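We call the chains A, B and C, going by the order they appear; numbering starts again at 1 in every chain.
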Amino acid sequence: MNTRTRKKLGHIAFVCVITLLAALYIYPIYLMVINSMKPFKEVLTNVLGLPTKLALENYAYVIEKMDYFRLFLNNVVITIIGIAGIVVFSSMAAYVLDRRQTKCTRLIHTLIITPMLIPFQTIMITLLKFMNTIHLNGTTWGLGIQYWGFGIPMATFIYFNFMKSIPREIDESAMIDSATTFQTYGMIIFPLLKTVTATVVVLDVMWIWNDFLLPLLMVNSSPSSKTLVLAAYNFVGSLNTKWHYALAAMVLAVLPSVVVFILLQRYIVEGVVAGAVKG
Amino acid sequence: MKKLFSLMLAAAMLLMLAAAPAMADGAEINMFISSPEYADAVNELIAAYKEVAPDVTINYETTQNDYPTLLKTRINAGMTPDIFSTTSGKEIGDYIEYSYNFAAEPAAAAMDPAVTNMMKYGDGEVHGFALKGNYFGVVYNKAIFEEVGIEFPKTLNEFEKACEAIAAAGYQPVTTGFAEWWVFKHVAQHFMSAACEDPAAMIAAFQAGEAHIKDYPVLYDNFFRFIDLAVKYGDSKPLETDLAGEDSALGVGKAAMMLGQGAWVEADLLAIDDTLQIGFAGYPVTDDPAQSQVIGGSDQALRINKDSANLQAVLDFVNWWYTSEYGQSWFCDVAGVIPPVSGAKVADMQIIKQGAEHVAAEGSGALAICYSSDSFNQAMGEAIQAYIGGSLTKDECCAQIEAKWVELDGSGV
Amino acid sequence: MKRKAMSRTERKALADTLVFTLPAVVMVILAMYIPFVMSGYYSLTEWNGISRNPVFIGLENFKTIFSSGSPEFIRALIFTFKYSALFILFSNVLALALAVALTQRFRLANFLRGVFFVPYIMSMTIVGFIWKFIFTQGFEKLYEITGWGFWNYSWLGDGGLAFYSLVLVGVWQSLGFYIVLYIAGLQAIPTDILEAASIDGASAGKRFFSVVLPMLGPSITTCIFMSLTNSLKVFDIILALTKGGPGGATYSATLDIYREAFQNNNYGLGSAKAIVFFVIVLVLTQVVLRFFESREVEQ
């Protein structure tokens, strides 16, 4: 066997192993999907098996009960507002925090990222009280704005750590061309952060789209502001849970964010490949 | 930055404008209660009331996950709902500052006395009503008992014999649901109810730290014997089986008896097997068959906010619900639950019918879970789980339960 | 010492810093600091979380925590530290390995990244429901097939084993998050550096440890820090799988705080515990962060 075939075989083995691993990894999700297509009886008595007959009526029922398309729009509004603020404000902050390392910026850095350590459950009571005072509860856009505050610590932290890999010479040369800080950031730095931004967007879309507790506190009371996940939880009862509906509803609630993930993934990869070709 | 602030300011003003016109005409009732499994039925009730009182708007909101936490959060933000839910009994007092005493209303008069009992506070005040009544007892598979040729056991000795016989016939005698903390309170209350003449006073003594489990043989000996038997003849992994597991084991005809449940499991069991012959009876707690009783009542309370902006509208709605012909038959015909009002039609369901017969013939045990708070009930469940898992001995378990009673339900809190 | 008047450029730099960070700072203060401080006030009161009038009792709650030793809180803390240690180890090692594998060029790579990420977005109630069935019915079936005894252990019903089950499901659920972060880090490494190393004839393994790993410094810091804070705050996964059971064996610090504040109706004491826990976490994360930052390669 020559080295080339050995290499090729190695590659095939590697792909097989990782695919197998992925199959094992996804197994619980597979269970969730197939059980969402079973009648209640089979969910409780035969979780592991395939459905004897596809109960797609679960989906029809759930789409109608959840008022799916209306709530879908709510989710879109909340997520877009949230993401836009998080990305802009965090990358801006991270940029100066990395480039101006002074006592002042170090203090601000600590101030911004420390809230990551606060467990959400410990501020729930006072959070609603306060958001009620400043009128940010009860609406989709208000919730979107709240996500700025909850998302900025982590996003700033991620941006800050990746900002180090962008050489300072780049913005120094821009400064020589007498660009303002804002121009430098907007025209030169931000475009270079594409991969990180895509990462932050992916992580935050997944989080905001599928978040439960904060929307429960803020927008559960009216169908005009409710989110998909909240509606899906209504199939979970105190002692009786309609698991077949709950599973179908959860699949439907989550699905759009998975699609976004797959689309963005491609974008991240393309960005990198393009860069490599150019280099 | 300026832009951001002006944006936020503008947005806040928009919101206030949007909120204003809603108050223009008619009363609004904000109803925020747990148990989303009754959402469809409650929506029908609200639609029916719309015809009676067209200018009253009822905003109905429901959730199960984190309901108590969310309720506290709302109350603290000054957004107390007009109708909200708590548990009955002990917790009636916790929310007393916010709840309206409607003892003088027709709704209170219409309520089943067994339900009213758990809604009382102080001297004849009534602070809650119920969405449904309930029965607690052992749910069993009649066909298996017939096949084995035995009656449902009414004493502990009979219970042990029945388990042996059922096991010998190749069935699993009991399924326990011991992974859920609340299963233990549902089981234990039957023993508390039988432990002495006045269970309420006994539990009050426990809460004051003046009583000991050892002094009550029904608790110290019988209850633990029952738990041991349930583990021995129960699921192969007792602390892993939850309600869904119980439903499955009984529904497919694998297990003969189901512990810690009541009227609410019937629909799910029938969804698994619609020919299932469901039996329902009290727990065998002592050597006296008369002490094996079903327990009836309501462990959930709906409360009326006494500071509601539309108190009269809320009361009108509740009175209509509890006294009108539609309202009374709603419990049975629409929601399919045990009516919490006296004299209403009873649904044609196996557990509800047998529960009603048992209570009529033998009386009901005391709904002892409501003499303690759910904080305690959960701690008790965890202590018994630890006993089953072997990390606590029986005496350690009892000591821990006694300590929790004082710590969580004692006069300090 | 007399301070020099700021030069124009210095003033401009300061103004830039403020303008660029102000939106972030304001939003964080509104959403997190103000509610946290408001909540902190209750740690000085005796309050059940319901009544209108919390009673001010000074530092009494803190005295209770430190004098009584509060065994449940200590137990929950120890549980949390043990959980965090295993969680950080497994999630980082596995995520890095998978990230390296998934940045190789092969046809399925893109799709597989999605596969590993999906569990991260699943609702916890559903994750709990599905895994409970896997631990019961799934393992039972595997036991029937293989006959290996450990499949038949009570993985959720035994306090000791339930701990490992939680680590397993916890890592499974959030691994995708760290994979994404590591992938972003790997892709930020300039390809010419890697090429240079391979021209030198460095073998794949050697190249990884001597070239790639040091370049990944910032990613490693990020992921260690994130996994540390997330695992110290572990809550949802426990609520979904064991609710702190069996027999109270799996209470984490946040779950204990939640129980104290909301279940036991001791919001005051719960808040005090939350503050003590916050300080512990703050110290711990600072130490870890300093350590890893000091080891990063300056680029």
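What to note about this one:
We adopt the following convention: a contact is a pair of C-beta atoms (placed from the backbone, for glycine too) under 8 Å apart; a residue touches a chain by one contact, two chains touch by 3 or more.
Given the structure is predicted, the values throughout are model-derived calculations rather than measurements.
In this assembly, B is the chain whose CA centroid lies farthest from the centroid of chain A. With B-C and A-C as the two chain pairs, more C-beta contacts join A-C. Centre-to-centre spacing of chain B and chain C amounts to 36 Å, using the average Cα coordinate of each chain.
One finds 16 Å separating the Cα centroids of chain A and chain C. The multi-chain contact residues of chain B, meaning those touching 2 or more other chains, are 65, 69, 72, 76, 244.
With touch defined as above, residues shared between interfaces to two or more other chains in chain A number as follows: 125-126, 129, 134, 145, 212, 233, 236, 243. The residues of chain C that reach two or more other chains are 23, 49, 125, 129, listed in rising order. Against chain B, in their complex, chain C makes its touches with residues 19, 22-23, 26, 48-52, 125, 129, 132, 135-136, 154-159, 243-249, 262-266.
Remark: chain B residues 8, 11-12, 15-16, 30, 32, 34-37, 39, 59, 61-66, 69-70, 72-74, 76-79, 243-244, 247-248, 251-252, 264-265, 267-268, 271-273 touch chain A in the complex.
Listed in rising order, the residues of chain A touching chain C in the complex are 11, 14-15, 18-19, 22, 25-29, 31-32, 35, 47-48, 85, 88-90, 92-93, 95-97, 100, 102, 104-105, 108, 111-112, 114-123, 125-127, 129-130, 134, 145-146, 148-150, 152-154, 156-158, 161-162, 164-165, 181, 185, 195-196, 198-199, 202-203, 206, 209-210, 212, 229, 232-233, 236, 243, 246-247, 250, 253-254, 257-258, 261-262, 265-266, 268-269, 272, 276, 279.
Those residues of chain B lying in contact with chain C across their complex are 1, 4, 65, 68-69, 72, 75-76, 94-95, 97-98, 179, 181, 237-242, 244-245, 373-375, 378, 382-389, 391-392, 408, 413. Chain A makes touch with chain B in their complex at residues 39-41, 44-45, 124-126, 128-129, 132, 134-139, 141-142, 145, 212-213, 216-217, 220-222, 230, 233-243.
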